[in-house]
Each structure stands twice: as C-alpha cells, then as structure tokens.
Amino acid sequence: MHTDVATRPPFRHALRVYWEDTDAGGVVFYANYLKFFERARTEWLRALGVSQQALRDETGAIFIVSQTHVRYLRPARLDDLLSVTVALRESGRASMSLSQQAFRGAELLAEGDIRIGCVDAGSFRPRRIPDSLLERIE
Amino acid sequence: MHTDVATRPPFRHALRVYWEDTDAGGVVFYANYLKFFERARTEWLRALGVSQQALRDETGAIFIVSQTHVRYLRPARLDDLLSVTVALRESGRASMSLSQQAFRGAELLAEGDIRIGCVDAGSFRPRRIPDSLLERIE
Amino acid sequence: MHTDVATRPPFRHALRVYWEDTDAGGVVFYANYLKFFERARTEWLRALGVSQQALRDETGAIFIVSQTHVRYLRPARLDDLLSVTVALRESGRASMSLSQQAFRGAELLAEGDIRIGCVDAGSFRPRRIPDSLLERIE
Amino acid sequence: MHTDVATRPPFRHALRVYWEDTDAGGVVFYANYLKFFERARTEWLRALGVSQQALRDETGAIFIVSQTHVRYLRPARLDDLLSVTVALRESGRASMSLSQQAFRGAELLAEGDIRIGCVDAGSFRPRRIPDSLLERIE
C-alpha cells in the first residue's frame, strides 16, 4: 500500500532558545530560524539513516540551500522550548522542497519553504541525489 | 518634480567575507546573507539620517523583519569583497518592502525580498512608521 | 554533612554539531565553543531549577560573562556529538567562576574558564546573586 | 636599524555594531568580540599583503586559533562604532601571540590575548609559518 507524502505527520525536532539566539529586541534574531530549520532537517535526515558528513566522505555530495522563504509570525524568547517540523513537499533528481514550521506549544512562530540542491562538494555543480537517499526520503 | 522610486540607483554597502561567515562547505553560510542584507539596510537608514538606536530611545519604535525571500545563486568565499544593495519597493504606514542583492564585482551571488514592519519595542504591536522617517525613505 | 564542590561529578550537556557551527576550515569555528559552553551553563542552571528569563522577570538580575579563557585542543566536525561539562570552581557574592570542557567521546576538544557576574538588567551594575540561587548552585 | 615590536602603534580596524551582534541583554553578545578581533587580525594581515585564501591556495597553510583569553569591561550597543586593535606580542616558527583591544572612542570595552598556530589545512598538523609572511609580520 502506498503512503501519500502529504498525509504523513511531519518530522519534529525540539530545541531550546539560548542567549546566542536572541538580539537586542529581546527576541530570537530572525536569521536564526534558518539555523533552527536546518537543525531539524539534519535530524530528519539522521532519523532516515543519513549522515551528511558520511554522505560527503563517501560520495562527494553535499546539500546546499538554493532558496528560502520565511514568514515570521510571533517572536520567541530566551528559554523557550521550540518544536520545528520538516515535511517534504516535492523531490526531483537533484533538488527537493521542504515545508518547515517552528512552534512554541501550539503557537506557530515562523514557517518557511526551503529549497535544497545536491551538488558536488568540490565544484558546486548540481548532481543527482543518490538513489538510496531518495528512496529513504520519499 | 517627482523622482520615481524605481529609477533611483540603489544604495550600496561594501563588506568583506571573514572566517565567521563561512561554513564547512568552504563558502558563506546561506543564513548569513540575511545578516549582510541587514547591515546594508542599517547603513541605508544611517545614510538617510536615521539611527535605529536613537529611533528606539526617542520614539519606542523598532523595525522587525516579517518576511524574507532569498535566492542563492553563486557561493561567496573567504576574503571576497561584496557589495550589497538596498532598493525600496513599496512602503505603507507600518511596513515596507525592500529588494536587495549581493554582488562580487558584477556577479550576482544572492538576492532577496525583505518585508519589514514598525512595532512598539515593548509590546511588538504594529505602529505607524514615524512621518519624518517615511519622508526620508521615500 | 558537607559535600565538597570539587568532588561532585560535573554537569554534562550533550549537543550536536550542525552546519551553522562550522567554518571554511571544515571544523567548528572556535568562537562557537563559547556558545556551547553557555548552552551547558544554561542547562546546568535549569537543572538546578533556575530559568534565566524568570530570574530577570522576577528580580531584574541577569548574568553577564566578564572573562573567558579557552584552549582549543582538537577540532570538532559536522555531525559530531559533543558532551560539554560545567563545574563550579568558586562563587562569591556577585560573581562565580566555572570550569568547562567539551568532549567527543573520551577526547577532550576544548576547555575553558568562564567568569560570570550578576548585574542589574537595566544599569549593568553589579548586584548580589539572589541567595536562593546561590544555595542551589553551591 | 631595528624597530622594536612593542613601540609600534597597533593596527586599527573600525567596525559597526549591527543587530546580528547583539543579544537580549541589549548589548553585544560577548562571544562576538572573538569575531571582531578576528576581523581586525584579517585586515591586519591584508594590510601586510597577506590574503588567507591565497595563502591556503598557494601553500596549503591556514591559521587556527589555539587559545583565547578575553576580558569584557563595558558593554557595546547597537549602532556603536568600534575600533579594534592588533599588536603582535610574540612570534615563533609555527605560532604567534597577539594582543587585541576593542574601543568605543577612548573607552576600552574588551581586551584579549589570542594565540594562533599555523597548520596544514588538510591534516591540521602544525607547520612553519612561511618565511615571507613572518618577515612581513615582524
């Protein structure tokens, strides 16, 4: 039986807000949500059995971010515990699109669409996502 | 006579890429373009006679980023000298939209659309951009 | 009966190395160990029942770092799982000194002596560490 | 004739404090002084005709930071213009020690002793600082 991508519950990664994440507005510096989203993507890949360092060492491939679209809805503060989701929207031969959200409890704080490409670590030229990886992701 | 916003040459801010800006891919970490764009916006405001710290101390208003959309085209590396532009696309009573680009020489490396809102520093509730500031921006 | 500070096993906090932590040398950017040390201190305080945000809201006190001395011994890399320790060396009325280490497994990667002061969040003037907090720390 | 190292005026690099540099205490996050110190060291090397990217491409050597000792005296705030100094204290075959200070006008905000080593970019093993570079530094 086939499980449709859209119906799977998204992957969730919990993280804490520290001093390093905040700015003089007293809240999380907006650029840092890109870091939070990336930590969640890394843990999502790890949960699928993919280590990015091993991927690079074994195949020479790395993932790069080619596009980010983020909407900031409510501020997070020091000591907040956030939950960051990852859901695959679309995957092609050399790239994929992910939908991500950051929550504090049930409150949605920020959400983003992140586009990622697979490239050669030396030349930064696009290359196919390894099949074994694509199978796990999909 | 009226000068149309779109016909003005954009503001430019020069910056250097340091170790702190790079990641293990050997290039600038993509989230850091949001920092580069913000430095350029800050210098653009300063060139217009606006200090954000003074604005806050005098009026209680701060600018927050409500939406970012960034496309990453080519990687920047350690020691690169970048030029980051700021062009106003649209301004309303409590928010504005800016178009920004990062260049290395004539090469476009990244570009973004950044939406900014004016809020009260204490409550984070939207408030009107002070008129004196709006006049300078437009 | 009195438990000597030095004989307690140090507090330990686990953390993962992400892309954001690395630099173009392919390893963790040295300044980021200060962030890792701080995350561990924050979790150490939390384990003692102290939330820094609550401390500030209730008493107006915040902790600031007044001195850091860090030795970098071996590089950490992407995907490494680190364990960061916190041990109290000395505590006074308005400050304390902590000894911290970052390990990957049994390998010591970095170690630091961090001096922290308690100040008023508004004026940054030194103030006594609240007694209830001192009791928990010691 | 011999110019004694200690009698030369230190190199100075000017930089501005942006939102990215601050934390929820309303001041510059202490770890960021390590970034400020490094920007100044990079510009000091550049002023001596040394590009670190070129050094790596041509010789395979990179500089790594092996020890940092920083004292934080007064906080810097958003929009502050800082001046960061670099003075060589000591240089050996594979390492050097630098004394650095961050000022706002005449006010000393932070000062540090930074120890740097020259290593092979691939193996991270210590290697001699290229002679041509040592001559320029001294």
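Chains: A, B, C and D, in written order; residue numbering restarts at 1 for each.
Methods note: contacts are C-beta pairs under 8 Å (C-beta built on N, C-alpha and C of every residue); 3 or more make two chains touch, one makes a residue touch a chain.
In this text the structure is predicted, and so the values were computed from the model without any measurement.
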Comparison of B-C and A-C by number of C-beta pairs in contact, larger one: A-C
Relative to chain A, chain with the most remote C-alpha centre: D
Distance from the mean Cα position of chain B to that of chain A, given in whole angstrom: 24
Between chain C and chain A, distance of the C-alpha-averaged centres to the nearest whole Å: 28
Inter-chain centre distance, chain B versus chain C - centres from mean C-alpha coordinates, in Å: 34
Multi-chain contact sites of chain B, meaning residues that touch two or more partners: 19-20, 25, 27, 31, 35, 38, 77-78
Contact set on chain D toward chain C in their complex: 25, 27, 30-32, 34-35, 38, 62, 64-72, 75, 121, 124
Partner chain A, residues of chain C touching it in the complex: 16, 18-20, 35, 38-39, 42-43, 46, 51-54, 77-79
Touch list for chain B against partner chain C, complex: 19-20, 22-27, 29, 31, 77-78
